[in-house]
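Two complexes come next, and they have one chain in common, subunit A, joined by subunit B in the first and subunit C in the second.
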Partner chain A sequence: FFCFLVADTIFSSFEAVVSTQSTGTTTLFIILLLTMSTSEIDHLANCITTHAWNGDRSKVAISPNSNEVMIYTKKGNTFELEQILQEHDQVITSIDWAPKTNRIVTASQDRNAFVWNYEKNEWKPTLVILRINRAATYVKWSPLENKFAVASGAKCVSVCYFEEDSNWWISKHIKKHKSTVLKVDWHPNNCLLVTGSSDFKCRVFSAHIKVVDKELPRTVFGDKLVFGEPLLEMNASGWVHGVKWSPSGNLIAFASHDSSLCIANVSNLPPTIQKVNLRGLPIRDLLFLSENSLVGVGEDCNPLLFQSEGGNWAFVSEIDKKSEQAAASGDSAAGNARKLFASKVTLGAESVTDTKLETQHQNCITSIRALTAGAVVSDFSTVGLDGNLIVWHTKALEAKFKELKIK
Partner chain B sequence: MADDDDGPVELEVQEVGGKTDAVYQSEVQQRQSEVTKLLNAGKALDALPIALNDPPTHTKNQEIKDQNSVIVISVLTAIKEAQVDQVVANLNDEQLDVLMKYIYKGLSNGETSTPLFKWHESVLKKAGLGSIVRVMTDRKTV
Partner chain C sequence: MASGSAAPAGGGGKQRNYLNCIRATLTAAMCLENFGSQQVERHNKPEVEVKGNKELLLNPIIIARNKEKVLIEGSINSLRVSVSIKKSDEIEVVLAKRFMRFLTQRAENFVILRRKPIEGYDISFLVTNTHTEKMYKHKLVDFIIQFMEDIDKEISDIRLSVNARARVVAQEYLREYQ
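Here is the complex of A and B:
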């Protein structure tokens, strides 16, 4: 741990140099400590609603709360805007990038979804007729990337697959929801789909399509899986914002608007459901780092780590710790004086009114993605309404804060 | 096209463990007598867990709910301001959530606001913003 002492001293010596420069160059002094950094922050837009990485994590597609998709390429330690995809008329609510087939699917409030294929250095869009009369809220490729599911405000989920004969994406509807479907997630077996809706329920459906999936997998829900029939319904005390299967498919985590997180063990029916009440504000999105570790992100602007001890889930810690926040913001006397004059000029304020949050994210975190594949996710990224993309390194965090040990 | 159900949708929130109004009524009366006994004996601190236990959230009868909230508020006002922090420290998460709901219910009446604000501050420090979110989102009101 000697290297961390060195890291801390280098941090403080660079503070004086960098404090007069804009926050955009916080990435500059992190370059020198790349191997030891716990997180990297990049400001890519004013506001980001969703993001998705490509297969080798060299590019990221974001929606800056507009009808465009911005694709950034990682050049060294910064991101460079490579392309802007314009086809949607309204705000793009969700993007998913299939890692193996390299296809992007975008869903928007304009009730459409487009599948983008990369041909001859260009992204070519193909319209998908979802047959919905409300906005699409979320889209996700299935694990085998031969189907994708679109959640919508039309109280249904459109499961779309490519029909070779007609050279067209066909959609099949899963109804049975009483209100907007907010999120979906695919089970590793490519057939089961869990949905979270604003009708206070989390449901599991079969999204098995005969022409695409050859065999019906064996599941705990029985052998007869009818498309679109709810196999399981679980109650929540608020709109269900985030749903996720665990890596093995034995657990379903769902987070609802009453600031709670439920983890259901569906390896046996009826499922055993554990509820964890949060101290802070609701969680919007979830990511399983491993079978026993779960990260929730949301309106607290701070990723929250939950772990299970022999099946009992509990909140462990916030991931964005105070010491990291201070180092990343580079506060100093010169910086504060600059802030005072800046606020005087822009806001006409007489004193430094610090509206800056302590966390690295300055606004609600909207989306979380895994960067590394495998049994345990060691790096993940978050984007928020503050327009920041932050990449978190769990190994470095673990080394620095013992309680953040991922099991 | 998806079903065009543009009218207001009645969302049935499954209530598990709802008791009949009669059962609630008798429970509330029992609670009332126990709490009054303890308050008269000067044991307001012991009365609080009893008052907070098993609130009549599943009944549609507003009277029963109001009766129960009167009991809870009477205990809250009986406990001295200096003891509030200590009492809150001994409550578990479930009790804190129920307490927060009653604090807001009491504040909506506007009569006993001063002690209730002290309670609010104390519970907020212990339970966090999540308890307030749960007061706002829980359809099972107290």
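Here is the complex of A and C:
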């Protein structure tokens, strides 16, 4: 027989009622999920460019499209502003929070990056010698959190590691890009880096630093990995906005500005690349929910779910959907008439045009993060230029919409 | 280069197709992101104006319907839309020029209006990532389309009223000689 116990201590409370038959035969367990929401929405700022959660998901650091980092703590159902980190001069383009070592790294268009350490209830910045002379666009901690990679407009990636003697972070450059590097992602083995650039290419490099990484992992690209050596170059038909390794490291997904998503299988060389054409606008960021499920977020203001059936990737569905019941009971004739007269009086408009979008995000989604670790990600969060932070629960979404099954 | 397709239906249908084509192109071209300049450190410029790096610019598209046309130039952080108004006679040439000058002198109030139109066009808009961050993209596209429809209407209205006034003035003047 099978049983399903659900517990949610952070978000809204609900009850699980499990009933069993006392006989030994297989029986059905009845589960009642009261008020299990599919998503929670919080408006934290006017416009959010990026966000990062801490290890136990009790705090989130966001950049409200300015040179400050705001750290919010989750208190019950709402977020409370805990601290504002001010060290950068220009807009902060990227934040990453290392879950185990509890360090925050921020990168900004003022060509600086800082690593923040939590000491005595305050976040203190540490100097990072990036040696770039253009804006930093993206930053990511490596899986072991002993290095981080900064993508920049100086057409290079700075891989930084800590130098004990001088108490600062120093960098090694990966050049070989012909234009701004827009995104980077680390392979689970802590040594390979995939980059997406505005020169229409997605590349894989070795980011193995002898001082920091003790041993060289065995990869499909060979045993001798020289730092900064390009191991693979894949073409895209537009600026590559999002790159991601799958949890096993066998697949690379990259999304480009021509509204397409390519998934490359790099377990064997040469890689087999599949292209999925999107129905709407380009995707900006990606998240693998499992080895076979991928969520892309972007200009459509709607997270899109892609899944693979035996290696064939295809678009499954949008995640932000109104159930049919809600859509049907939406507009009544009286409500429409009232809206029409209201818009005539206030705006001088002749017809009712809905300004608000139907999706929960009202503007482009910029960043997506996983909330739960493990083989299958069951919760993830998105932030957008509308200033909303939305947390999505896949289990509730699966229960509500039959086609959204995460494999 | 893409030309607006003309449907077999009446004049309204053709206009609708033309505007729908422009709307679809604008929605796609308005996917802008904040992008620090590659040429100058710590600067953030609209790449479509600077045209510093070819890889950051999208292919310009002209959508034309007889004499009226729209040039859409996109880039990674900015979009430039230039409109050329249909002018059927010389009066409309003068009226269009004056009307556009009136609007461009008040470009601050329009936010996305460019003070000088591009060569060969009557009026230009410049939309940057700061605009798409503050305003709804679909409303910006609506505004531009509405603007194009209104301009045509206004100019033909003004021309009609100019002709009507000219007739009235001529009548009054020649009454003296009757």
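The rule is short, and it goes like this: the second predicted complex is superposed on the first by the 342 of 407 C-alpha atoms of A that agree within 3 Å, B and C clash if a C-alpha of one lies under 4 Å from a C-alpha of the other, contacts with A are read in each partner's own complex, and residues count from 1 in each chain.
The rule is short, and it goes like this: contacts are C-beta pairs under 8 Å (C-beta built on N, C-alpha and C of every residue); 3 or more make two chains touch, one makes a residue touch a chain.
Owing to the predicted nature of the structure, the values given are computational and were not obtained by experimental measurement.
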| item | value |
| --- | --- |
| Contacts of A:Asp199 with subunit B and subunit C, given as first, second, both or neither | both |
| Contacts of A:Leu278 with subunit B and subunit C, given as first, second, both or neither | first |
| Partner chain in contact with A:Cys156 - subunit B first, subunit C second, else both or neither | first |
| Touching partner for A:Ser260 - first (subunit B), second (subunit C), both, neither | first |
| When both partners are placed on the shared chain, which of subunit B and subunit C touches more of subunit A | C |
| Touching partner for A:Asn102 - first (subunit B), second (subunit C), both, neither | neither |
| Partner chain(s) touched by A:Val91 [first = subunit B, second = subunit C, both, neither] | second |
| Partner chain(s) touched by A:Asn363 [first = subunit B, second = subunit C, both, neither] | second |
| Which superposed partner A:Arg131 touches (first subunit B, second subunit C, both, neither) | first |
| First, second, both or neither for A:Thr73, with subunit B first and subunit C second | neither |
| Residues of subunit A at both interfaces, subunit B in one complex, subunit C in the other | 133-134, 155, 178-179, 199-200, 257, 281-282 |
| Of all residues in subunit A, those that touch subunit C in their complex | 47, 49, 65, 89-91, 93, 109-111, 133-135, 137, 153, 155, 178-180, 198-200, 239, 241, 257, 281-282, 284, 299, 353, 355, 357, 362-364, 385 |
| Subunit A-facing residues of subunit B, complex | 1-5, 9, 11, 13-14, 93, 97, 127-130, 133-134, 137-139 |
| Contact footprint of subunit B on subunit A as seen in their complex | 131-134, 152, 154-156, 173, 175, 178-179, 199-200, 235, 237-238, 257-260, 277-282 |
| In the complex, subunit C residues that touch subunit A | 27-28, 31, 33-38, 41-42, 44, 53, 55-56, 76, 132-134, 136-139, 142 |
